[in-house]
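Take a look at this one; I'll ask things after.
The letters A, B, C and D name the chains in turn, as written, and every chain counts its residues from 1.
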Amino acid sequence: MLTRPCVDLNADLGESFGPYTLGNDSQVLRLITSANIACGMHAGDPRVMENTVRASRELGVSIGAHPGFPDRVGFGRRNLEATPLEVETDVLYQIGALNAFAVSNGVQLQHVKAHGALYNIAVSQTEIAAAVARAVVRFDPRLIFVAPVGSALEHAGIEAGLPVSREGFADRGYNSDSTLQSRQIPGAVISDPDNASERAHQMVKEHRVSTVDGGWLPIQVDTLCVHGDNPNAIEILRAIRLTFERDGIAIAKMADVLKAKVS
Amino acid sequence: MLTRPCVDLNADLGESFGPYTLGNDSQVLRLITSANIACGMHAGDPRVMENTVRASRELGVSIGAHPGFPDRVGFGRRNLEATPLEVETDVLYQIGALNAFAVSNGVQLQHVKAHGALYNIAVSQTEIAAAVARAVVRFDPRLIFVAPVGSALEHAGIEAGLPVSREGFADRGYNSDSTLQSRQIPGAVISDPDNASERAHQMVKEHRVSTVDGGWLPIQVDTLCVHGDNPNAIEILRAIRLTFERDGIAIAKMADVLKAKVS
Amino acid sequence: MLTRPCVDLNADLGESFGPYTLGNDSQVLRLITSANIACGMHAGDPRVMENTVRASRELGVSIGAHPGFPDRVGFGRRNLEATPLEVETDVLYQIGALNAFAVSNGVQLQHVKAHGALYNIAVSQTEIAAAVARAVVRFDPRLIFVAPVGSALEHAGIEAGLPVSREGFADRGYNSDSTLQSRQIPGAVISDPDNASERAHQMVKEHRVSTVDGGWLPIQVDTLCVHGDNPNAIEILRAIRLTFERDGIAIAKMADVLKAKVS
Amino acid sequence: MLTRPCVDLNADLGESFGPYTLGNDSQVLRLITSANIACGMHAGDPRVMENTVRASRELGVSIGAHPGFPDRVGFGRRNLEATPLEVETDVLYQIGALNAFAVSNGVQLQHVKAHGALYNIAVSQTEIAAAVARAVVRFDPRLIFVAPVGSALEHAGIEAGLPVSREGFADRGYNSDSTLQSRQIPGAVISDPDNASERAHQMVKEHRVSTVDGGWLPIQVDTLCVHGDNPNAIEILRAIRLTFERDGIAIAKMADVLKAKVS
């Protein structure tokens, strides 16, 4: 069991809002093991949250909170100079809100993954990273904390005593300093399923990923993200699953991946 | 113990927002036993919620969620024709959000009281009342449900199996059909402490209250509300406490008032 | 000229928001003569408004403000018990906001059409209708006011001295009292192009429309609405254009239809 | 006339919102010559905008738009990494919205002054400064553009061909690089009327102001800002007026100050 590599597949879901539909949640849900559900600040609303929790439960997909900046028009993708206190309380608020739909539908939150600009800032800014981790540990120290290996965010999760799931991105270009290529740059979001699945293979099997300048970045991943708003999300997830089958890589929920590591 | 009448004093708190301060929470908290805390849809924000939960805990005041319509500019006081599903999920969302600040500060939610227009609509509309009760019972069936005696809201709480605390308003005029006088009408909000405390006395001791047309309305109350944004809130609460001392009426938390009734 | 019937085709556009796309604006714009552009309260945002004004200008489509209730999650389709003062100032705000994009792109606002629940309420409530008309006349008394014939809204426009364009809905069922069938009822939104174009023909050529209970409603229309979020909007507009060609009905901008009537 | 120094006094007004009151607008209005009115993104709402325009008109105070970031809970004081296009369209939107209340109340907009974090960013970031100026010039090239002397914002206004009013802050500490001391630092907001009026005297009469490190900063000002939410705003404005009377400094509207310079 220990010799077979094992990884979780996560995607951001529940990003629709009021009259607006975003992504292809019902199909993506059939291909992932962990769903990051928007909590109503950058995307999502109470109906969308309820529906996404229920759909995840029906398909046996684990759920996590996906808190973001309170910037709906910017989809939480714009840096906002919030204080650590603002971040901590905004994240607490959002975890609690999603938890109401988990509790009332008989499921448990598995993890928390910050969204967009909040995630990116927390990757490098120690105080913001600590604020996110503090919100999570204050709510429930058993929640899995999603962060890239080597980041301030991972460090904050470990410091807080949270179980940490190290994340890689199958559909995003990496700079050589391990940051993600800016979405402003054409090609930063990878839409080719073969390319994305090759990168997934690199990360899980070879513990490295090719960078935008042609080098290699060493990386450890417990979970792989495919963006639900990637127009090719379905094809990419299918390609990854085929590749992993060929590679003998098991796909399992974030919580089970962590358990396998411990054992 | 059984012979001594007993009532809870509640007020709406945590209605400040961002740069704006509303009410006089720190003083009101010293005079009440249960705080209804705004949950960020009609008023309040995550910092205000955190601070209000902490201040309540320090003074031994029990806390409850005070969910309202998503209408910040209208302060949740304008009727909104939301569907039962919209109401149920909006209320669930708000209870969960507040609960995060309760849990992470080591206190438990005691009750849920709908705010403003949502409360008023639920007093008479069966489907909306049921939607509010469903949200509460789905989250936690031990939560106390605040509603006026004889209302659709009280009925929905009982039907859902929730403990119900029957509420009277010390600082609002009553119509003879037991509805509150509209805030549009001058005098609908009672600012005279003697008048308000006399009405509190009527409700708790005499089980009736004088109506705006000069009659009497029979009423049963377990909790009395004084509005935190009433400019005389402090004076009214002090006058009520003096009156109750004179009357031999005990003041106790909502939960303890219900326990006293049962025993 | 006078003998040939003439009508405007309008549609609600610019209802996208932040990361969300709604409707098929670029195609709809090629088939209509007047665009009702959302103003950022119920839908739309400044980028969407700018783009929609520019796309309309390029295709020679006249533009109007489409103000709605401040209820983004409900898309302005839920009744909100706003005061006349709230409605008047909200509408003024929205007209002004859109006008900035008109002025700065070298085009003039042609008309104002209230959206969703605001429109529906103003159809029957005199005070709300007057509030909408007051906002329009205060901003610019030359703006065309869109309202159904015989409604409180039409009356308010006439009273305010505004030019009124009487509107019919090609893709909505009519009750015998001339109100629109509720969107809650299946079939209330007509998606069959033949049915919709037949109704357009009835309204413009026969001055009547069949009602949901099988009768006929007399009606006068200067402009016909097809909803941009109707999945068949394009097909319906094409069918109407074919029918009108067959019927010898001219399609012209709202302003030109009114001029033709006067001459 | 030319020999007598002349300056405008401006303040940010109309920052109340829904149920919340901020500042002391009615008193501040009696002491200033130009009002910067919030436009509904960071503060203000349509009722507040209408009332503030009317109150300004009654007291002969000139009005300007005070656009900010769409961040109500942060009061527009948090940096937001918006694109130049987002800034340009957000500013256009807000100018247009306020203009509706100006037009419909028979007054003209005199100026535009960016708010809070938007102003601060535009002081140093060329592209954001250009975006603000572009919005203003697109709406009306006669609008006066408020900016600190020597800033990227002033430069952008001049480049765009706008009349520029150079602003100094009487109630804020200056760093030696001419930036304002951060509000996070205690004492950054000056509440002592004597200190503030002495600084006003320095800026207008001596063309310099003392910095937080004890040096002197050369500065040119056509308009002086006192913050409406400064608890001592009234006392500061009174002290400035007394000082200016003593100094022989005339107080005049922004537009008249610029005319006096030209003549």
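Note that in this section a contact is a pair of C-beta atoms (placed from the backbone, for glycine too) under 8 Å apart; a residue touches a chain by one contact, two chains touch by 3 or more.
Because the structure is predicted, anything quoted here is derived from the model rather than measured.
**Q** For the Cα fit of chain B against chain C, please give the angle of the superposing rotation, nearest 5 degrees.
**A** 180
**Q** Same or different interface residues for chain A and chain D, judged by whether over half of the residue numbers are used by both?
**A** Because over half of the interface numbers appear in both copies, chain D and chain A meet with the same residues.
**Q** Whole-Å distance, chain A centre to chain C centre, using C-alpha means?
**A** Once rounded, the distance between the two centres reads 43 Å.
**Q** Quick check: how many Å separate the C-alpha centres of chain A and chain B?
**A** 40
**Q** What positions in chain A touch 2 or more of the other chains?
**A** If we look for residues of chain A contacting two or more partner chains, we find 73-74, 86.
**Q** What does chain D use to touch chain A in their complex?
**A** 70-71, 73-74, 78-82, 86, 117
**Q** Give the list of chain A residues in touch with chain B in this complex.
**A** 40, 46-47, 49-50, 85-86, 89-90, 92-101, 103-104, 135, 138-140
**Q** Per the contact definition, I'd like the list of chain C residues that touch chain A in the complex.
**A** Touching chain A: residues 15, 17-22, 43, 45, 72-75, 229 of chain C.
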